[in-house]
Amino acid sequence: MDDPKSARGVMDFVGVSRTALEVTSLSVNYGAIRAVQDVSLDVPRQGITALVGANGAGKSSILRALAGIVPECHGSIKLNGVDVSKLPARKRVIDHGIVLVPEGRGVFTTMTVRENLELGLLIGDRRRALGATTTFDLEEVYNLFPILRERGDKRAQYLSGGEQQMLAISRSLLMSPALLLVDEPSMGLAPQLVRRIFDVMSNVFAQHKVTVLLVEQDTKIALEIASFAYLLERGVISLAAPSAVLREDPRLKIAYLGVASTILSGDASDNNRGNR
Amino acid sequence: MTPYVQSVFTTALIYSLVTMGLYITLASGQFSIAHGMLMGIGGYAGGIASVQFRVPMILSLMVGAFTAALFGVVMALVLRRTSGVLLATVTIAIGQGVSLTAANLNSLGGSQGYFGIPLTTNLAWASGTALVGLVGLLVFRKTRLGLAMLAAGRDETVAQSIGISILKIRIWGFLLGGLLAGLGGVLLAHNNGLIEPSDLSFANEPLFFIFLMVGGLETPWGALFGSIGVWWLQELLRFGNSGQFLIFDQADRYWILGLVMVITVIVRPQGILTRKPIVWNPTRRSFQLLGVLGLFRGRRSDNTS
Amino acid sequence: MTYFTQFLIDGLAIGSLYVLVTIGFTLVFGVMGLLNVAHADLYMVAVFVFLGVAQDLHFGIVLGAIAGIAAAGLVGALLFWQVIRRIDRNRTLSMFVATLGVSYFLENLVAKFVQFRTEAVPPLFQSKFYDVSNLHFSTGQIVLVGSTLIIAVGLSQWLRRSNTGKLMRAVSENTHLAELVAIDTVRIMAIAVILASVIAGIGGLLVANTTLSVNPFVANDVSLKMFAVAVVAGVGSVDGALVVGLFLGMIESLTVGYFGSQWETVIGLGAMIIVLLVRPQGLFGKRLRVG
């Protein structure tokens, strides 16, 4: 396994110097279980960076730690040079624009589609007042996903899974994110729908120059839209490379199978146990 | 022991039985808080058995305990689709409703209560029954069922996943809670010579919770020691009337108990007498205490606001 | 028929009391999953403070009423910041025990000052009594029912339309997600508790205006009806509480009128148990939802 520091080295080699997010030796614990161990990674400004890995590798934990909603984490998280790792979740959103699109259906199901979007706008307005640059208005979002305009007065619980995912992404865009963390957008969706959502995402994010850290289990599609990618194995970064390079790397496949076999043989938990 | 000391201990031990009932129901993860009502039902049943059928005390105790346990089981079955805070809400309402209904039933003596019950309860009966209850609970905790109940009390989902039936746990939780509360009720009725609708009322519930909170929610011992300790505390506060050693008069003891309860739950949510060792950090603790009284905003380790 | 209508009119007044205490309780339950046993006590606190300020301190009815409502709000605020906030939100039992302790504390503290007696309360205004074709009613009753409708519908609309109302519904549905969209959940919860307390205080004054008496332990009886209405309506449902509360008041009044007072509490309890068996989320409930 590569030294985590080498990840940064690869970044420099590729020549991406304008780093938006800089994470140094991040660890996440859930009680005695260490889900993420000493992870360092960079996310370049205005591009999509993917974080791939097998189930249970700790991808979501990293995103949740970045958003500030894990009970215990250590390490430094710098966004545009400012350390946000000690800030509560709310401040990270409002003052720094770190917005998480959570795993699964991240919408308020008993509220209407429009109300869900309005919640995003409320924060977006505050962010704009603080000088946020990435801005979206309701009209733009409706143009991206016309279905949301049609369904405006319906409760979100009556939307299909894909529509709910579009709603969650739209609401997050309305919050004027400086860094958008997208957690498993494909989860539980039909393949054609995944394709569509990813197409729209890559277009919008590129057009509006949103900085994105994408966590995805579907490696193939994630590496298509991302420019750079990290491979996470059992809470540790094992590979970092431009997507095109990583896609061809044989270690990618082994990572998936390897984790699976260690789980089966039962020693995964021993390796992940923290030293408390 | 003077008769006064005996009577205080008797009452405390009676309440300790009800508190043990509350302990086992809560420990099994069932958020049911109608133990005042179960106590009253036991009291009515035992009292009626003694007065109408002139049965010996031991039989009265059995009748009372059985009736209250039966009522508990019926509640568990009727409310099997309800859990958590909603279950708590509903059980309070049922307790209060039964109490108000009893006040309107003339056959039970109406709001005057059911009286003429022989004054059989003494310290021996009370301590004997409390001992049986305590030992019974301690033994029960070691049985398969007891362990399953405690497991379900800690985490219902995990318990379910290892094949523990939650409905069974709930029925047993309500049953044992009713049994112990019913025993307490019979003793109470034979101690006071009467049982009143107000004995069934939710108004008694805070008392049992104070006992349990002070004693600790981890073991049956907590229920016993909490009841005796707090009951003696309020007896001592009663003497404040004479102005000899307390600035309060006796009407103050109730709100003081309420305050004790609130402070306990904030400073030490597991109760005061628990197996968890008390780590005394003088500065932090006293700041927290001051904070409770609104004098100082203590530091809290949460990152939400 | 006259009797029937008379019972309905009296029932509406009783139902208004149920509605005014339940909407606040159900709002707090919906927003933060808190079973606030002390909620009905705020109703009692408001009336006693009104009594003290208006009568004993001779400040007059208006100042007394303002003080009573303010006191309810203040106690609610203290309850939230000094007690609820200090307890781990996931410890439901601790939360419950704390509010139980607060309830016991408030009741007995007030009781100490009035020597555990029921007190007579002066009316807010001189009620006129009407007698229309053998139906008796008073301006006090009309004001009570009218204010109840205004407050309940107002609260429901506020939740639906205002920004804070929307945030409150969001927190109520999913606190974790609400935190992700940067809603200040603590602030929203505080607003819910204080708002609920103030409504309970207003309710106390309006009801005392028709009953003209109050005792420190009135909450025990009011709580039963409050729980029954909240559970039947569906926890979190303000509209439901309005409908169910008024309905329960009328049914109770009719039952007592025709069958005798021993059946009064049975109705509410029976309705609650049947609803729990058939539709555990309540008649108007959509899981935990405010609105």
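First chain written, first letter: the chains are A, B and C, and each begins at residue 1.
Operating definition for what follows: contacts are C-beta pairs under 8 Å (C-beta built on N, C-alpha and C of every residue); 3 or more make two chains touch, one makes a residue touch a chain.
Treat the numbers as computed from the prediction; the structure is a model and nothing was measured.
Top contact pair of chains, counted by C-beta pairs, is B-C.
Among the other chains, A has the CA centre that is most remote from the centre of chain C. The chain occupying the central position, as judged from C-alpha centroids, is C. Between chain B and chain C the centroid-to-centroid distance comes to 28 Å (mean Cα coordinates, whole Å).
Each chain gets a centre from the mean of its Cα atoms; for chain A and chain C, those two points are 44 Å apart. We define each chain's centre as the mean of its Cα atoms; on that basis chain A and chain B are separated by 50 Å. Contact of a single residue of chain B with at least two other chains is seen at positions 304-305.
Residue positions of chain C with contacts to 2 or more other chains are 179, 184.
For chain A, the set of residues that touch two or more other chains comprises 89-90.
The residues of chain B lying in touch with chain C in their complex are 26, 31, 33, 78-79, 81-82, 84-86, 88-90, 92-94, 96-97, 100-101, 104-105, 201-203, 205-206, 209-210, 213, 217, 251-252, 254-255, 257-262, 265-266, 269, 291-292, 294, 298, 300, 304-305.
The residues of chain A lying in touch with chain C in their complex are 67, 69, 89-90, 93-94, 100, 102, 106-111, 115, 118-120, 122-123, 171, 175. Residue ranges of chain C in contact with chain B, taken from their complex: 29, 33-35, 37, 78, 82-83, 86-88, 91-94, 96-98, 100-109, 111-112, 115-116, 179, 184-187, 217, 220-221, 223-224, 227-228, 230-231, 235, 260-266, 268-269, 272-273, 276-277, 280. The part of chain C that touches chain A in the complex is made up of residues 163, 166-167, 169-170, 173-174, 176-177, 179-184, 286-287, 289, 291.
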